[in-house]
Amino acid sequence: MNAAVDNPQLQNLYRELILDHATKPRNFGRLAAATHNAEGINPLCGDRLSLYLCIDAGSRIDSISFEGSGCAISLASASLLTETVKQLCVADAQACFTAFTQRLTQGTNPEALPAAVGFDKLHALDGVREHPSRIKCATLAWHALHAALHQQPLTTTE
Amino acid sequence: MNAAVDNPQLQNLYRELILDHATKPRNFGRLAAATHNAEGINPLCGDRLSLYLCIDAGSRIDSISFEGSGCAISLASASLLTETVKQLCVADAQACFTAFTQRLTQGTNPEALPAAVGFDKLHALDGVREHPSRIKCATLAWHALHAALHQQPLTTTE
Amino acid sequence: MNLPQSQPIRDFSDYRSDFPGLHQTVNGQPLVYLDSAASAQQPTPVIEAVARYQREDHANVHRGVHTLSHRATELYEGARDKLCEFINANSRAEIILTSGTTESINLVAQSYCRGMLKPGDQVLITSLEHHSNIVPWQLVCEQTGAELIVAPINDRGEVELDELYELMTGRVRLLGIGHVSNALGSINPLHDIIRRAKQAGITVLVDGAQGVPHMPVDVQALGCDFYAFSGHKMFGPTGTGVLWGRESVLESMPPYQGGGDMILEVSFDKTVFNDLPYKFEAGTPNISGVVGLGAAVDYLSAIGMEAISHHETSLHDYMVQQLSTIEGMRLVGTARQQASVQSFMLNEIHPHDLGTILDHQGIAIRTGHHCAMPVMQRLGLPGTARASLGLYNNHDDIDRLIAGLEKARQVFA
Amino acid sequence: MNLPQSQPIRDFSDYRSDFPGLHQTVNGQPLVYLDSAASAQQPTPVIEAVARYQREDHANVHRGVHTLSHRATELYEGARDKLCEFINANSRAEIILTSGTTESINLVAQSYCRGMLKPGDQVLITSLEHHSNIVPWQLVCEQTGAELIVAPINDRGEVELDELYELMTGRVRLLGIGHVSNALGSINPLHDIIRRAKQAGITVLVDGAQGVPHMPVDVQALGCDFYAFSGHKMFGPTGTGVLWGRESVLESMPPYQGGGDMILEVSFDKTVFNDLPYKFEAGTPNISGVVGLGAAVDYLSAIGMEAISHHETSLHDYMVQQLSTIEGMRLVGTARQQASVQSFMLNEIHPHDLGTILDHQGIAIRTGHHCAMPVMQRLGLPGTARASLGLYNNHDDIDRLIAGLEKARQVFA
């Protein structure tokens, strides 16, 4: 972000990492071999993301991708999500969902997460907490993850 | 009216003549041989009056009656109406309708009415002008007259 | 329970000063407002909440990313949360914000019943109902070929329970019943009635327009499926109301009106409706009104509905006792359980004339059929005079009413 | 017409002080409100009219004999008279008071269309419409088996008139068309469109939600059959709106909702509906809201809709000119006739992010699909950023917007 942006709250929202993931999302595209998928819609802004997962016989998320359009916050969050839960078992991914959404909506710190989980990067989204109208953007992909894990093909953040 | 009633506006509304006609309405009942009739409903209070007329070949109101239930103002007005238009020709009765409703709603004095018309008694209802919510009571029977003369069987004051 | 006249209900005298509408003269006399069943006066906190919202917080809700829109949304949705707690709904998804009881009932008639009723089916109501709990069912019965059937009332103005229960056959698909009669004040024994209806597999809508302002309401304890009420009768703004519905029932219903906010996605091929409660809230809602309604809930909750019910019951007892002392008085509606409303006739004086004579003395009552013509037909009356109470009324109001009626007797002596 | 930046529109600067909502800071900056198309701020006379009504005049309308009820009725019906004059309706019977544009359109879809549409019939709309002028027709078409057909728009955001006229065959029973697009600001050439529709025997409903606040409207001159609009977009309270309908058409329609006030007489055998406009106004109306709407009409009339239209047109021209100076700016919606609204995209920045960055600078715009998803689909956009004007906006607001957008460019540089 250009240093000329003087507003600290704004800087806190659009951190380097967020802008980086938003403009160069990781794991972007469609997984042809997906075993699970879900679509998330944020009616607030009309954003929609599709999440694709390959879950192997051992209940591990073997691969994951997303596609769709959205604001910087929802794209960055989706991109970070894919990095975070890839290679996790379903239960750990579910724990991530709970930890992340609680952190954003209630400000609580995640309870002891399994060692396998690399949660720290997600703290880049902490600035969203000060922007209540954007929390749904940050949680959209996560709700889609939750829906996919529970085999519900469509979810919304309303 | 009991002289103990000290309120002049109230005295002006419930004059002796009004109370007399309300408690002993003239020409009350149904005219079996009616050639014209109409029913008036005042949705404000649920009052309903039926007006019956015998109009002869010469377009004169040979006989007239009314029945129904209503407040003192609407009963007295209906009773006075029957006395006023009985024996008038249809055109004069229509002129009475116009004169009376205009007097109540706009406060205008009747334009020169035909000599045959005894309009003066109706001035007993002048007090109604100060009670806008009661004007519809006083005009109910008159609207029924208008409807009967125009062969419309149902009218309302809404 | 008859309170002696000398025992003022102290706690409530304070609340009276919160209602600016009460502190005026009408026809030269201090106003006595005994028409709360038609619409209640509003306390300053409600009036101020609306004005403050309009001055400081207004923007459209739900779809805005800017600060004002967010603030408006928080206030609007915050009111929904308050209402949810106030009637002990299971979830905020069950609180559908409408323009009033009438719209709430029409919503159920059209969205729940219209697609479901078939010729031969029946909708059951009682003779006590307000037109708003009659005409929507007449319309949908006419549209579907179903039949509207009506349980009778007795001379006291109570629903004849035996006959009501007899009518609850397998053909009945919905029972629409009032909580409290606005014409006669009768409180229906809802717990028993709803239990019997549910045993017979009947969906129950309660018209709570006259219930919510006067007593604690717990929709889960009642066990009904729908409960409808209006903001303006519970000291909130006009143009607001609630349809509470059981979530599973609401889920099964198609939307009522189409428009903004009730959709997730619109294309010309397919439209995906939004989740509850938004599925039933099309278009820009009455935001300022709902904010005021939230303030009304706060106001009532702070006093406590139990206390309000107790206060009004005492006052109603006193009113009945005092009215009975007047020569030529006929009380209309003498149900064993009554709330906040008393209808009556005085000698042969038409109610409309009574209303005018009382108005001249600054006393506001309602006269006529009270939108309950079938009640009047059943009792053989063209209408009644009706005095109805709110939490702000007191013994003095009743005494003024009694004196005013004495004067009316003289006018027609 | 491009005004040089140095020429302030003097007359209008005074009105700004009438709107308390504009005089606050948001995120530490003086508020710039550019979201009037979603909902307008209210001037003090409107806010005061509502509060005064609630403090001094409130009671239920129409059926009361006492003074307050009479006063409330006069105020409520007085507002109807003002609205009648404001849009030059032929008679007050044609002014149906609703909760907003959305309800107005649903009323027509259900009451006018539902009983009349048959399989094979068509309802015609355009791709420019707001969801409130789409979904009600989808619902009624699904209910009746009729077909919803859609006239396309071009890249500028104008309805393709040739194709619209070609679709006006004998099968079309109703045309629903917006006056001004809330998403793109396009003004439809209503006079020509309505003339062609009437020649083809088609009933025309105009969605005037974005017309009435910004220009003179004369429903008789337009020649349509229905005209729908909302109070909250014309500086009045939420929860209010109007359906204007041609009297003969309204007469022919069955009631929409059932309840109090819309009936003359209710019995279980037969119910007689009330005359216009009451036939379509069931239940206690939004009295305080309508009183406020009457005050809004007075306010607008005092300024003059011609003057407002002129002011906003100048300002819109200035906004377009200034926006065009920004690097990476893409104007969305460039119809030759445009009013009060401008949508745009800046570089690859998602509108939602733009909205947040502007909000941080105290600038309120709307972002997203603006309840017009088909427009977005047609233009291949997920949504837009939209700045919209009201009579109170000025050059400074535009300058602040431009500066704010420059900052957004830097954030995403």
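Labels A, B, C and D are assigned to the chains in the order they are written; within every chain, residues are numbered from 1.
Note that a contact is a pair of C-beta atoms (placed from the backbone, for glycine too) under 8 Å apart; a residue touches a chain by one contact, two chains touch by 3 or more.
Quick caveat: nothing in here was measured; it's all calculated off a predicted structure.
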Winner on C-beta contact pairs when B-C is weighed against B-D: B-C
Most widely separated chain from chain D, with each centre as the mean of CA atoms: B
Averaged-CA centre spacing for the pair chain C and chain B, given as whole angstrom: 37
Distance from chain C to chain A - Cα centre to Cα centre, in angstrom: 46
Cα-centroid distance, chain A relative to chain B, in whole angstrom: 78
Touching two or more other chains - residue numbers and ranges from chain D: 27, 63-66, 69, 263, 265, 352, 356, 367-368, 373
Two or more partner chains touched - positions in chain A: 44-45, 133-134
Parts of chain D lying in touch with chain A, wherever the complex brings them together: 27, 348-353, 356-357, 360-361, 367-369, 373, 376, 382-383, 407, 410-413
Residues of chain C defined as touching chain A within the complex: 62-66, 69-70, 74, 263-265, 272, 274-275, 278
Residues on chain B engaged by chain D in the complex (per definition of touch): 41, 43-45, 132-134, 154, 156, 158
Interface residues, chain A side, partner chain D - complex: 1-2, 4-5, 7, 9-10, 13-14, 19, 23, 44-47, 69-73, 131, 133-134, 137
Footprint of chain C on chain D - complex, ascending: 20-21, 24, 26-27, 31, 33, 35, 38-39, 41-42, 46-47, 50-51, 54-60, 63-69, 99-103, 105-106, 109, 130-132, 134-139, 148, 150, 230, 232, 237-240, 255, 257-263, 265-268, 271, 282-289, 352, 355-356, 358-359, 363-368, 371, 373-374, 377
